[in-house]
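You will see two complexes here that share subunit A, one where it goes with subunit B and one where it goes with subunit C.
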Partner chain A sequence: MTDADQATYEHTADTGQPTSNARLAILILLGAEIMFFAGLIGTFLVFRLGSVTWPPPSQADVRLPIGVTGINTIVLLFSGYTMIRVLLSARKDSQKELRRWLLVTGVLGVIFLVVQGSEWVRLVHHGFTLSSGVYGSIFYVLIGCHALHVLVAVVWELSVFAKALGGCYSIDRHVGVEICAIYWTFVVVLWPILYVMVYLV
Partner chain B sequence: MNDHANESHDHHHEESFVSKYIFSLDHKMIGKQFLIYGLIMFIVGGGLALLFRWQLAWPDKPLPIIGVSQEYLDEGEVVSGADKMWEKWGEDDEENWFERTMHAGIIGPEFYNALFTMHATIMVFFVVVPLLVGAFGNFLIPLMIGTRDMAFPVLNMLSFWTSVLGAVIMMAGFLVPGGHAAAGWTGYAPLSSVPDFTGVYWGQNLWCIALIVMGVSSLMGSINYITTVINMRAPGMTYFRLPLVIWSLFIVAILLLLAFPVVASALALLLFDRMAGTSFFAAAGGGEPLLWQHLFWFFGHPEVYILILPGMGLASEMISVFSRKPIFGYKSMVWAMISIAFLSWVVWGHHMFQSGMNPALSMGFMTTTMLIAVPSAIKTFNWLGTLFRGSIRYTVPMLHSLAFVSMFVIGGLSGIYMANSPVDIHIHDTYYIVAHIHYVVFGGSVFALFGAIFYWFPKMFGRHMNATLGKIHFWLSFLAFNGVFFPMHILGVAGHRRRIHNPLDTDLRGPGGMEIQGINEFITICAFILGAAQIIMLVNVFWSMYKGRVAEQNPWHANTLEWQAPTPVPHGNFDQIPHVYHGPYEYSVPGADADWIPQTQADGEPSHGEPIPAGATAD
Partner chain C sequence: MINRYFSLVLRVVVCGLCVMPTLVQACPSCKLVDDPIAQGFKWSILFLMAMPYIVFSLVGGGVFFSIKRVKQRSNHESHSDMKGV
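Let's look at the complex of A and B:
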């Protein structure tokens, strides 16, 4: 055995895992999520860059709700900030703050979903649907997949909130909060990219 | 580092039948479940192949035994039991499944399309991945890295049962009206996206759904594998002391993790096109049919390395053990696998040279594809270097591993022809590609798999498989395999298209004006021998589980950690978590007092000597 091998051996034996299994697993899951959205974003770009005019001529009269969605984007980004406050409260073991910020974050997530949903209803009433050519197809599928992820994140976050109400977390035991926060951050960070791509450019 | 695992296994607890054999959380039992499940699907997938091979050799002739007699076909005269059966079934033709698919025992064009589609789909997604990655990944990873179980046992159990759910949905496709998916395993749009083109409705939808379910299953599996390998290695088990099979499974888990979501998104788009009126792949709505090919092959090419890399890992273990030599160039083996995995992301366009893609782009894909020959050649020469002047023991696993190396070389070389865009234009979509893929996946992965089943069987079931039956199975399979797939190269160069229902409809001549239908007949005869040979394998597996010779702890005198665990391996694997002091391949080390040094043997410690007699440590 060489010295270098000995050193690595000592390292593995003494310091143990650099990160917990749960945290590692959620990061690995995000790798898969990124590839899933890469497939959809790639599809969007193929259509977007392959068209002379966007939206395509047949859908030229469709106006996406840029303003309302822009405000909604700010709501979601703010929930990213409140999620950071959640983490900070969990790490300094302040149960009251933890519950408060969890509640605020969850409510912001719900607001985002409700606004998105009502905008969709309006668009569908204007006759813009899944089958409105490729423009409608990619809009509803791409934005819908993100909305579905927000829904999962909200349900998860509210279950963490319920557990926090029951006092399940402490300074040593809050990995449940951490992995939920990682997933939440992914959903929040993904949104501005989609907003700029689908609504603005 | 395994505190929680240590405490949970110190006390022995009785388990019910359900928690031990069905919803088991033990990685070894889940591995065995994947093994049995994969073997069952292997029988199904192979059976489908035999059906369409019959049609290719003797087009529109009734199948033997279950088809009608010639007299019945010519004059309607009932002479055999099968005639009577079909006569009766003919009365309720819409209700009877056999009547719908193969009237009178003759395989019709629609059923033929479903057969080759499902043969490939089942073999790729429900046989090779569950067997190589599911069975051996689950069984070997915790044992070989020296831990008590996977990082997430419940997720592991869910991964198996999700995969079973996927298989059930996939098999249900055979029973729905309209028949099963018939657009090829690659499901090219618009053939797959417009139901009227194939006449298949729910079959193709179920195909999409089943594959998405399989994607969820492999996502759970790969999260588990990656976390386990990164976080749960035994003390001293550094990355460069991992056995190559663990490296290969680790890399495969990363490929699966990143590749499957892409095809899942494509499958979702396909489902939307079929069921919700979107127009992703429909040119009429502004969609792009070629998009499917890009998304599919972006996943599909990493997928073929998912199929071969575990075979490479398994063969590396067996070749080193049975040559009694360290693997030649261990680190270059690891880096070769990593570069193959990396390159697999940038070669997908070589499946699309014929699609009207920009030739400049073809040029790029051609170059990256040929680059893969470099790491592949490194691996091949390293295997040869391992064999060179080794004390080779021709055991059954070794025979399979040698077959793996030689068949992989043939498959790899034919791959280089296809990587060349100008050559590919001639042989694209012919039997040449069929020969290539089978040399790599059957000659490569499946031979490594057979060897691996034989090699790890003593650790899995505590008994040996029968070596005589093993050798008969090997030689029959090896000869019949080459009889089936080698002539396909000739068919392909002669221009025999794949996926055609009746080869007699095309007037093809082979080299020198040779009549090539005879080659099809020869291939089919060999295919039936190949199929029959697998019965020997199945008998050997199931008979040996109960009646085989009882295995000692380390029958092959191997170094890796799984052989230092008691046989049969108890719940929790090791009496105490082993410490690792060596790389996995220290065989025939000069000056050592035995020709193998287990990874657990400390420097200066006397040799572990003779393997512990069977039963001494059994629980």
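Let's look at the complex of A and C:
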């Protein structure tokens, strides 16, 4: 996107648009994402409530890493807080704070992914794979789709960080930071729901 | 003539369904109330039925507050301009 295009997106008041196209687009994208995860959660509900015992007897020996993932949940929730600080820094035009909080948020996202990945490796070594019946399928598909979304959010966030290092954002031009923050918030808010459903209930 | 014939067929169908209620119980939740699978489907259906309303509320709310913030900002700017004048 050229500077002129970005200016058109951001100076909505000048163009007479009530809201920027980018913000509207991310909201519609999130609507689609919510329906996608709703479908997966609906599938989980059918299997979970349809089973008398959960996990099913064939996977009764599988122990999900509740403690480590709980700490990981706190890490991701904290990244939601740091993303709010990113947004506030962009609105205050505080470039130094913007870069610092973007870096912290990115690092927290990477930590979440690394811990998730290492736990998955451990589970696979214990013989709990995608083909381990309904329990394995729904666990890896549901948690895997979320992890994929976190990965996309981290890559996006790091690209925003790279642009922030180049001084691309100002108090009037930070819609790129805003839509990234909206997506990040979605990923953060979704995770506790999945954690409680899949790991705790 | 056609209306009378249609009305007769409709009455027969309605009476038939009243006499054999199991025909209209197509939903597994109605047939198998205590079955866990039926319960799973029931809650899943209710959850998915609620989702479009939640999505529309969220997207609509997001657009609404976005517009509100832009308007507030433009009002604030116009007040600042007036003070400057």
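FYI, the second predicted complex is superposed on the first by the 186 of 201 C-alpha atoms of A that agree within 3 Å, B and C clash if a C-alpha of one lies under 4 Å from a C-alpha of the other, contacts with A are read in each partner's own complex, and residues count from 1 in each chain.
Basically, a contact is a pair of C-beta atoms (placed from the backbone, for glycine too) under 8 Å apart; a residue touches a chain by one contact, two chains touch by 3 or more.
Every value quoted in this text rests on a predicted model; they were computed, and no experiment measured them.
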Practice problem: Considering only the touch criterion stated at the top, classify A:Leu49 as touching first (subunit B), second (subunit C), both, or neither. | Solution: second
Quiz item: For A:Leu30, is the partner it touches subunit B (first), subunit C (second), both, or none of the two (neither)?
Solution: second
Practice problem: Mind working out whether A:Val141 is in touch with subunit B, subunit C, both or neither, as first, second, both or neither? | Solution: first
Practice problem: Using the superposition described at the top, determine whether subunit B or subunit C touches more residues of subunit A. | Solution: B
Practice problem: State whether A:Val201 touches subunit B only (first), subunit C only (second), both chains, or neither. | Solution: neither
Quiz item: With the two structures laid over each other on chain A, which partner does A:Gly39 touch: subunit B (first), subunit C (second), both, or neither?
Solution: both
Exercise. Considering only touches as defined above, state whether A:Gly133 meets subunit B (first), subunit C (second), both or neither.
Key: first
Practice problem: Indicate the residue numbers of subunit A shared between its subunit B interface and its subunit C interface, in ascending order. | Solution: 12-13, 19-20, 24, 28, 31, 35, 38-39, 42-43, 46-47, 50-51
Self-check item: Touching residues on subunit B, where the partner in the complex is subunit A
Solution: 1, 151-152, 219, 222-224, 226-227, 230-233, 235-238, 257-266, 268-269, 272, 276-280, 285-288, 291, 294-295, 298, 580-582, 603
Quiz prompt | Touching residues (chain side subunit A, partner subunit B) in the complex | solution = 1, 5, 8-9, 12-13, 16-17, 19-21, 24-25, 28-29, 31-33, 35-40, 42-43, 46-47, 50-51, 56, 58, 130-131, 133-138, 140-141
Exercise. Note which residues of subunit A are touching subunit C in the complex, please.
Key: 12-13, 18-20, 23-24, 27-28, 30-31, 34-35, 38-39, 41-43, 45-52, 182
Quiz item: Tell me, which parts of subunit C touch subunit A in their complex?
Solution: 36-37, 39-41, 43-45, 47-48, 51-52, 54-56, 58-59, 62-63, 66-67, 70-71, 73-74, 77
